[in-house]
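The same subunit A turns up in both complexes below, where it pairs with subunit B and then with subunit C.
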Partner chain A sequence: MASAFRLQCHCILIFLAALKGETRYLEAKGAGEDEPFLLLSADLKRELAGRQLYHRALRCIDMLSVEGQFTFTAEQPQLHCAAFFIGDPEELITLDYDFVNIDCQGGDFLKVFDGWILKGEKFPSSLDHPLPTSERYIDFCESGNIRRSFRSSQNVAMIFFRIHEPGNGFTFTIKKNANLFPCNVISQTPTGRFTMVIPHQHRNCSFSIIYPVVIKISDLILGHLNSLHLKVSCLFVS
Partner chain B sequence: ARGAARPARFPRTGLAAGPCAGARNPRRGGGRRWGSPGEGARWGGGSRGERSRGRCGEGARWGGGRGSGERSRAGREEPPLSIDLTFHLLRHMLDVARAQSQRAQAEQNRLIFDSVGK
Partner chain C sequence: MKLQLLVSTGILLVALLPCHDCRALSKSPPAAASAPLPPDFLHPQPSLPVLLRMGEEYFLRLGNLNKSPTASFFASSSSSSSRLPPGAPATNFFRAAVQQLQQLPERSLESAAGPGEGEAESLPREAMEREKRSEEPPISLDLTFHLLREVLEMARAEQLAQQAHSNRKLMEIIGK
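== the complex of A and B ==
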């Protein structure tokens, strides 16, 4: 009886939360990315999962928007390299080191940065990111034995690396994870529509587009006044 | 194999010249501001920038640069590792990455349909 009553209370709470708009409406992405897998048997899914890991060589200056495994091998001393990672607005980037062969004592380094930084300008800015700048860099040479996996706080991240000795290099795997409430976003595309929902959080959020675009704000709810909720939707076109 | 951990040092090159003399840095100021037409969005925390002085076509440059706003707050703190890359190059790289992602998805779809068709 007690458990039944508890279940009823939970259902009522969920219903009330839905009425108040505190549940996140998960905007479906375009035509079912995972739907084909629903038709397949478990054996076939395992077989496909094993074969589907995308792999390519990483360039000194590179941009990655796809999951997979990437290998950099220095053919000559590469002293100023960086790779940018970007996902969809509702994704987080996870980087796992699979293999690293660099000479930290010889001046090589491999650092992940939580966000993007160009010409000293950071995204998200220091005002918007929960961590101080120094903690947004994860240096493999300092923490590689402890931390071989990194997850970004938003849909972008990057690595900086320097390798002196030809033949040295590293391999890492990029995966993307869902982020239900993206707060700081860089758009991959110059067109689209995005809705940012900030559920009862006191924080700065931002949405950046590095293309010349026209932004139309189609739906804007700011503040929490008389049970009205906060929501911003914008449409951007190039 | 990786050597013993050592604090990595990167060149304190200061505010490195940008890669392209033709690219104007957008006006800077506090908070988040939008750049000049063609430059797209900028981001940062109240930093002040400088004009690019490099030659066009040099591509990316590294810098330990940081805006004067942050520098004044941090005092003698080492500037963050950064890269000098124009938005033009960044957009080009984004376009290439997007095309690559579509090709990878197409290949994945082909594998799925090949397997389903067995």
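== the complex of A and C ==
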């Protein structure tokens, strides 16, 4: 009887933890990259840790979805360049400037934008992002000596840069960090399944796909607060 | 006579005096690069965000209403691909994309020369430029969704290749 009561208490505790959303942390931690390396010896782990960081040259128009170090060197005046960063839905983008050689006074600029912006349309939109548009731009020429590291609020980010003088350029490192409860997501793939969990937060979230797809919402659980009306809308992208 | 001389001298001075707001009149980026630019050039100038976002307007102005930017892009890429080695599709793609994007502001500079002249005498002070900074549209890239999907596919291919390389290294290490 005592053991049955104990089992019931354990079940209640697990149920309460699941309702609070904390189990998602355990799920993310358990599915981490270190799990397959637990069986390896210390020497092998040391050898794996010493692997060199992925490095390649950055193009004027580029898209990065891997971690690594990227270098841009202008061979000619490059006035309209941008690089997009995208990670998995459960990841955040971290950018660290390793080396910057641009002429800010000469009209060069290097700006990081928290999200994507195309033809003036922002993602996440101004309604969904916690920061105003002006604060989503981090200008190296204005704050380079103070802030050389940037972390995105979602799984996408981008940089704009302009370099007049050939030979000038910059180097940065991209890393990805886990985002336990992604709110605004751009999907890399046109197929798949995604579950968005928003625990006890009053905010707008979004999930975007830049491919022509059909989105089916298979399960939807919305909170209710007095007379709050639940609204379900299906988005078809063509 | 004297009045005419003074008027012509004044016109010459206005035309030849260096003016940061007159960048719209410059012909080419390298020529413009030789002149020092103020650090807040991008923010107060209404021309740059318009230049970056003038893709659709530019194509409409040329009568490309039914011609998408991707069609023109593929036309340039297919013509250039015949000259490039077959093993360089990615290089060809990005070169064509950059050329397409760089052509937009150059032609837009020329087409904006008319209305730009009217702005030559405006915005004399940095304070006014700062006030207008908040009213300026944000910096963005005029890239079509099709091109965006293309670069995204390339990024995914790179990610898969990198993952395959890591797996190969891991198997080599484990096999020791």
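The rule is short, and it goes like this: the second predicted complex is superposed on the first by the 183 of 238 C-alpha atoms of A that agree within 3 Å, B and C clash if a C-alpha of one lies under 4 Å from a C-alpha of the other, contacts with A are read in each partner's own complex, and residues count from 1 in each chain.
We adopt the following convention: a contact is a pair of C-beta atoms (placed from the backbone, for glycine too) under 8 Å apart; a residue touches a chain by one contact, two chains touch by 3 or more.
Here the structure is a predicted model, which means the values were calculated and not measured.
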Message: Quick check on the superposition: with subunit A as the shared anchor, is it clash or fit for subunit B versus subunit C?
response: clash
Task: Please work out whether A:Thr133 is in contact with subunit B alone, subunit C alone, both, or neither, and reply first, second, both or neither.
output: both
Query: Thinking of the overlay built on chain A, is A:Met63 touched by subunit B (first), by subunit C (second), by both, or by neither?
result: both
Message: If we overlay the two complexes on their shared chain A, which of subunit B and subunit C does A:Gly120 touch? Say first, second, both or neither.
response: both
Message: On the A-aligned overlay, A:Tyr211 touches which partner chain: subunit B = first, subunit C = second, or both, or neither?
response: both
- request: In the three-chain superposition, say which chain, subunit B or subunit C, touches more residues of subunit A.
  value: B
- prompt: Looking at the overlay, does A:Pro77 come into contact with subunit B only (first), subunit C only (second), both, or neither?
  reply: second
- request: Answer with first, second, both or neither: which of subunit B and subunit C does A:Gln105 touch in the superposed model?
  value: both
- request: Look at A:Phe160 in the shared chain and tell me whether it touches subunit B only, subunit C only, both, or neither; answer first, second, both or neither.
  value: both
Subunit B and subunit C contact sites that coincide on subunit A, given as residue numbers: 40, 44, 47-48, 51, 54, 61-66, 68, 80, 82, 84, 86, 104-107, 109, 111, 113, 117-122, 133-134, 137, 141, 160, 188-189, 210-211
For the subunit A and subunit B complex, residues of the former touching the latter: 36-37, 39-40, 44, 47-48, 51-52, 54, 61-66, 68, 80, 82, 84, 86, 100-109, 111, 113, 117-127, 133-134, 137, 139-145, 160, 162, 188-189, 206, 208-213
Field: Residue ranges of subunit C touching subunit A (in the complex, touch as defined)
entry: 29-30, 33, 36-37, 39, 41-42, 52-53, 55-56, 94, 97-98, 101-102, 104-105, 134, 137-143, 145, 147-149, 151-152, 154-156, 158-159, 162, 166, 169-170, 173-174, 176
- request: State the interface residues of subunit A toward subunit C in the complex, per the touch definition above.
  value: 40, 44, 47-48, 51, 54, 59-66, 68, 77-82, 84, 86, 104-107, 109, 111, 113, 117-122, 133-134, 137, 141, 158, 160, 164-165, 188-189, 210-211
Field: subunit A partner contacts - residues on subunit B that touch it in the complex
entry: 1-10, 15, 18, 25, 31-32, 37-45, 47, 49, 59-67, 70, 77, 79-85, 87, 90-91, 93-94, 96-98, 100-101, 104-105, 107-109, 111-112, 115-116
